[in-house]
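Below you'll find the structures, each written out as structure tokens.
Each of the two complexes below includes chain A, the first together with chain B, the second together with chain C.
Presenting the complex of A and B:
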């Protein structure tokens, strides 16, 4: 289609004058879609037509795309919630670190922007736009190029990008030279059409299919059938069940190990000193993966060894349809604490507290009675309140009621401090010994969307290269009434290199003619 | 072995100086009406500088035992090297000395800034011990270098097209870009001079002491003492990590950029854009427009492959997820979306030429933002952050 500059009527590409107002159509032809008629250019406008028209427009697509860009950038002004320090409450973190702006950012939900409904909606609109714009153009374009005639009207040729009038005594020789540049030549009477790299025109459609596949894969991830993501912490020597596997998959941590770089290595000395601490070289866990044989709820299942292996950072392993990644660790977690309580007469008694599953009541040898009131496995002061940062015993603290008869004192005890909450200071209690263990953090994943992402990425890359590294070029040779030839050329991009190629082809022909 | 490391450092210095020489030669060649011999010498000199830098890269690799693309210093020097490589190849097709000057200036500034970051050979933490890391970083840098060419062409196009007789927005925007580029140079000069004199200032706050490498003009709002008498305390809401230190660096860079700008204006006696225009005027503008588009067309797939696809493959192995919305990742995505938009917007009527050129400038700003600002202003989990 070409628009008449005076009355805006849409005419065929071949028309010389406007079918509505009769004025002559001038200027270079816009060849982008070969003048094919597209659905979005239809006049009758039902609601569906209007929606179609909206999404088929590149301009609207770009509004959506740029809006997505802005939204994406907005999410990096402050850290996303997943990146704030473990144990900090979002509400409090954003307020205390970034003031009023931080509070606002949090309250507007920008701290979880990329999973917000409106960000998802933007991506959905983008997908719709890519899909509809592509369908709207591909089929008409495909048909137009497939059915294109060799013979074109003279005024159509004169309005191409590259136009020359030339005397050609030996068209065959010129054509064979053009053929040498990998053009394929068709003939219709006295007219020739040389064409190459038409496949490049399909590049955008191929890459858009790739993009849609990637969006589809992202959508599939919302379903647990395609994407399951579990995480287990396992102490050295212990076995844990992988959650949500119907009690069928167990992993044993035989040994977790950390290796660090040698501090005295002359090569890395300076860097390690700058870092101010040792730099880890590897994290790895020797694991055994078990499958539960015949499990009945409540019973201890029989475990069958599936695989023994080592998993380390950057070297995930596969077992039972899952991929296991080394993704966290904790050194020297407390497994048990020995506390020593002293009564009014200075007589002491020791008792053990299991940090995993502490008992509530303790009868001590010196007649004291300890009752556990509160337990913070990973205690931290958050302003004036005591919280537990995680549920793992990394920095345990307890609140005990110590009593003898009807005398009771409330004490707060952590590894290195004791505070009497009632202020009576009758009894004393402190931590005297502890046992520790290492814990490995394994991420256990089943992700059936990965192949879809990969395929999407591959198709996208293919389409990109196809569409951007090749250009569709055409040369028409048309014999005019006076016996000279009209040469017209079209390329879908990079006009100046095409012009160079054309000039060179004609130059070479001229030189041979003369010499 | 120790000698290897020292030799490698000297090679980088040699490359830096050779590139400076390249700038002079290419500028000279651009100023002469006809180019020929000077141009060829300029190309040869630049190529020699590149070989020296390649030597730096290889020796450092041999010495440290891993490809030197694993911290900010290494990545930035590598990016500078890719810019020159792209320039050397591109010059075979498009022989415009000014494009070469642009590439060399930007490359030198980037390599110069790189030297301000810690240069020690650092051991790799486990997550970085992956071949995919090298593949990802090198391809991404190459892609960005090719994309940068669209900025060089675009900037020259804008200089070419702007009517310097009239005072309008565009004239001042050009000057603003020049001030920005000068600010980077200014930062480099400041940092080098203060480092040469061994200057550091430690500013004490209620609970920490912050070491400034430059005079602490901006200090945290809870400052207790500072060796510099004219400190301005930043507003109370600026509490991010090292916010005052960062603001201080940005302020002093811009200040030095302005000083450099005024100095240059003093000599040229007209706007710098106006002073440069006669050089640019002779370039064919349609060709510049074509080069701009072409470099995006070539660079976009390389960037996609390196900065997104390879990055995701690596992230999937190292962190069990291919995408984590880490700021550096997000800005790579923004860069990618922006250049996708560039390719589409160019198809719209009236968006070729000057408007495309401006888009290319914005695109390069985004790349630079991701290279420097994300590391300095936004903290992420990337090794270079």
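Presenting the complex of A and C:
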């Protein structure tokens, strides 16, 4: 299409004068879509056509892209909710860390921006824009190039990028020079069309297929079949079910271990001192992965060993279609305490209390009897009352009735203090030793969308290379009435290098002519 | 319409419809995504088998079909649970004759702690000791959580978080066989 400069009427590329006002059409032709009618540009539109036209517009596409980019950037200002420290409440975290702005950010849902419905919609609109704009341009362009005639009107040729009038005595020889530059030549009567690298025109569309694949991969990530990301805490020696696996996958933590930097090594001494604690070098867990079939929750699972292995930081392992990463730990949860009770005569006796499931009655060697009255695995003071914050023995405290004969004294015992609730202070009791266990944190992930992302990226790159490193070039040789030739050339990119190529071809021809 | 325009219209309609479907599926998946693992009303209640620490007997949900079941997830350190428990105790007596069973699933605390709690609150309905699996199966990540299960084994109502106590009877009436 070419637009008339005086009345704006759209005319065919081949027209010499405007069909509406009759003025002569001048200037270089816009060859971008080969003058093909873009389908979206028609009149008498239905609603579907109007929607189609909206998405077919590159300008609208750019706006959508800009919005997507801005939204994506917005999500990076504060950490997303999935990255805040485990155990912190989002409401409280954003408020305390980032003040009013943080609160607002959280309340507007920007802390879960990438999984918000509107961000997904934006990506969908972007995909629609890429797809529809491509369809709207590719098919007409493809057809126009496939069906292009060799013969064109002089008017069309004269308005191309490269135009020369030339006397050519031996067109065959010129054509062989042109053919030497890898042009393919077609002939129609006295007119020739030489063309090369038409495939470069498809670069942007190949590129768009790559982009659409990337968007498709993002879409597939929403389905647990393609993408699953679970996290389990497992205590030493325990077996835990992996969430969202329909109770079919279990992992046992055989032994968790931490390797720390050597305190005595002069190389690390200064750094460790500065940090004020030992620094973990690496940590790993010996695990067994089990499979269970038709397991009823709560029942003792009928486990089948799938794999036994060690997973450590940066060395994930694969099992049952999942990749298991060592990604966290908690050290030194109490598993047992040794308490030492002293009777009135100052004779002591030790006894063991299991902090996971303590028994109630204890008979001691020095004649005392201890009865566990209350137990707080993770004790805290809440005002005046003692409560347990969790069920995990992180800070255990006990209430014991210590008795000998008729005498009974009630004592509150935690790791670092003992309080006599009866106030009699007859017996003394204190914690003298403890056993601990560790808790390993494992990420269990499956991501089948990575190959799709990779393929999308590769195709994107292919399209880019195809469109950037080759140019679609055409040369028309048109014999005019006076016997001279009109030479016209078109390239879709890099006009100057095309002009150089043309000049060189004609130079070589001229030299031979003279020589 | 000419045949070409008609075909074009159909092609456009198809492409737009497919795109709209994909966006809708994505949004639906996202909005329901966080709850994917959670049990929702209308679903079949996941079966479970736990030991009742009151009687030492096995409690299997699927064996209770034909009766309404209230499943409550609780812990001794959960404050709203402490308020709910006496209400459950009272209601369990009223609804015993109406074939509604109460089952309180504890998050796997030590027996000393639970027994002390039971003494304090004088509970008579089954107290089941979980090992983390039943909580996982029901997608419970915060306490309390209560499920009202119909006699046919489907979930009639879910309450994540504290119950509106005055509505307890209303909810229970819904699952009376």
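One rule holds in what follows: the second predicted complex is superposed on the first by the 283 of 515 C-alpha atoms of A that agree within 3 Å, B and C clash if a C-alpha of one lies under 4 Å from a C-alpha of the other, contacts with A are read in each partner's own complex, and residues count from 1 in each chain.
Basically, contacts are C-beta pairs under 8 Å (C-beta built on N, C-alpha and C of every residue); 3 or more make two chains touch, one makes a residue touch a chain.
On a predicted model such as this, the values are computed, not experimentally measured, just so you know.
Novice: Spot which of chain B and chain C makes contact with more residues of chain A, would you?
Specialist: The partner with more contacted residues on chain A is B.
Novice: Quick one: is A:335 in contact with chain B, with chain C, with both, or with neither? Answer first, second, both or neither.
Specialist: A:335 contacts neither chain B nor chain C.
Novice: Please work out whether A:121 is in contact with chain B alone, chain C alone, both, or neither, and reply first, second, both or neither.
Specialist: A:121 contacts chain C only, not chain B.
Novice: In the overlaid three-chain picture, which partner chain does A:131 touch, first (chain B) or second (chain C), both, or neither?
Specialist: Touch partner of A:131: chain C, not chain B.
Novice: Just to be sure I read the superposition right, which of the two partners does A:247 touch: chain B = first, chain C = second, or both, or neither?
Specialist: Only chain C; A:247 stays clear of chain B.
Novice: Considering only touches as defined above, state whether A:81 meets chain B (first), chain C (second), both or neither.
Specialist: A:81 contacts neither chain B nor chain C.
Novice: Could you tell me if A:375 is touching chain B, chain C, both of them or neither one (first, second, both, neither)?
Specialist: It touches chain C, and chain B stays clear.
Novice: With both complexes superposed on chain A, which partner does A:103 reach: first (chain B), second (chain C), both or neither?
Specialist: Neither: A:103 stays clear of chain B and chain C.
Novice: Help me check something: in the complex, which residues belonging to chain C touch chain A?
Specialist: Interface residues on the chain C side: 8-9, 12-13, 15-16, 19, 22-23, 26-27, 29-31, 33, 36-37, 46-50, 60, 75-77, 107-113, 116, 128, 130-134, 136-137.
Novice: Using the touch definition from the top, list the residues of chain B that touch chain A in their complex.
Specialist: 1-2, 63-65, 118, 120-123, 125-127, 129-130, 236-237, 239-240, 286-287, 290, 293-294, 297-298, 300-301, 304-305, 308-309, 312, 316-320, 322, 324-327, 330-331, 333-334, 337-338, 340-341, 344-345, 347-348, 374, 378-381
Novice: Where on chain A does chain B make contact in their complex?
Specialist: On the chain A side, the touching residues are 32, 58-59, 61-62, 65-66, 68-69, 72-73, 75-77, 79-80, 82-83, 96-101, 114, 261, 265-268, 270-272, 274-275, 279-283, 312-316, 323, 325, 327, 443, 445, 450, 453, 457, 460-461, 464-465, 468-469, 493-497.
Novice: Give every residue of chain A touching chain C within the complex, in rising order.
Specialist: Checking each residue of chain A against chain C gives 39, 46, 48-49, 51-52, 115-117, 120-121, 123-125, 127-128, 131-132, 135, 219, 222-224, 240-241, 243-244, 247, 296-299, 301, 356-360, 372-375, 377, 387-391.
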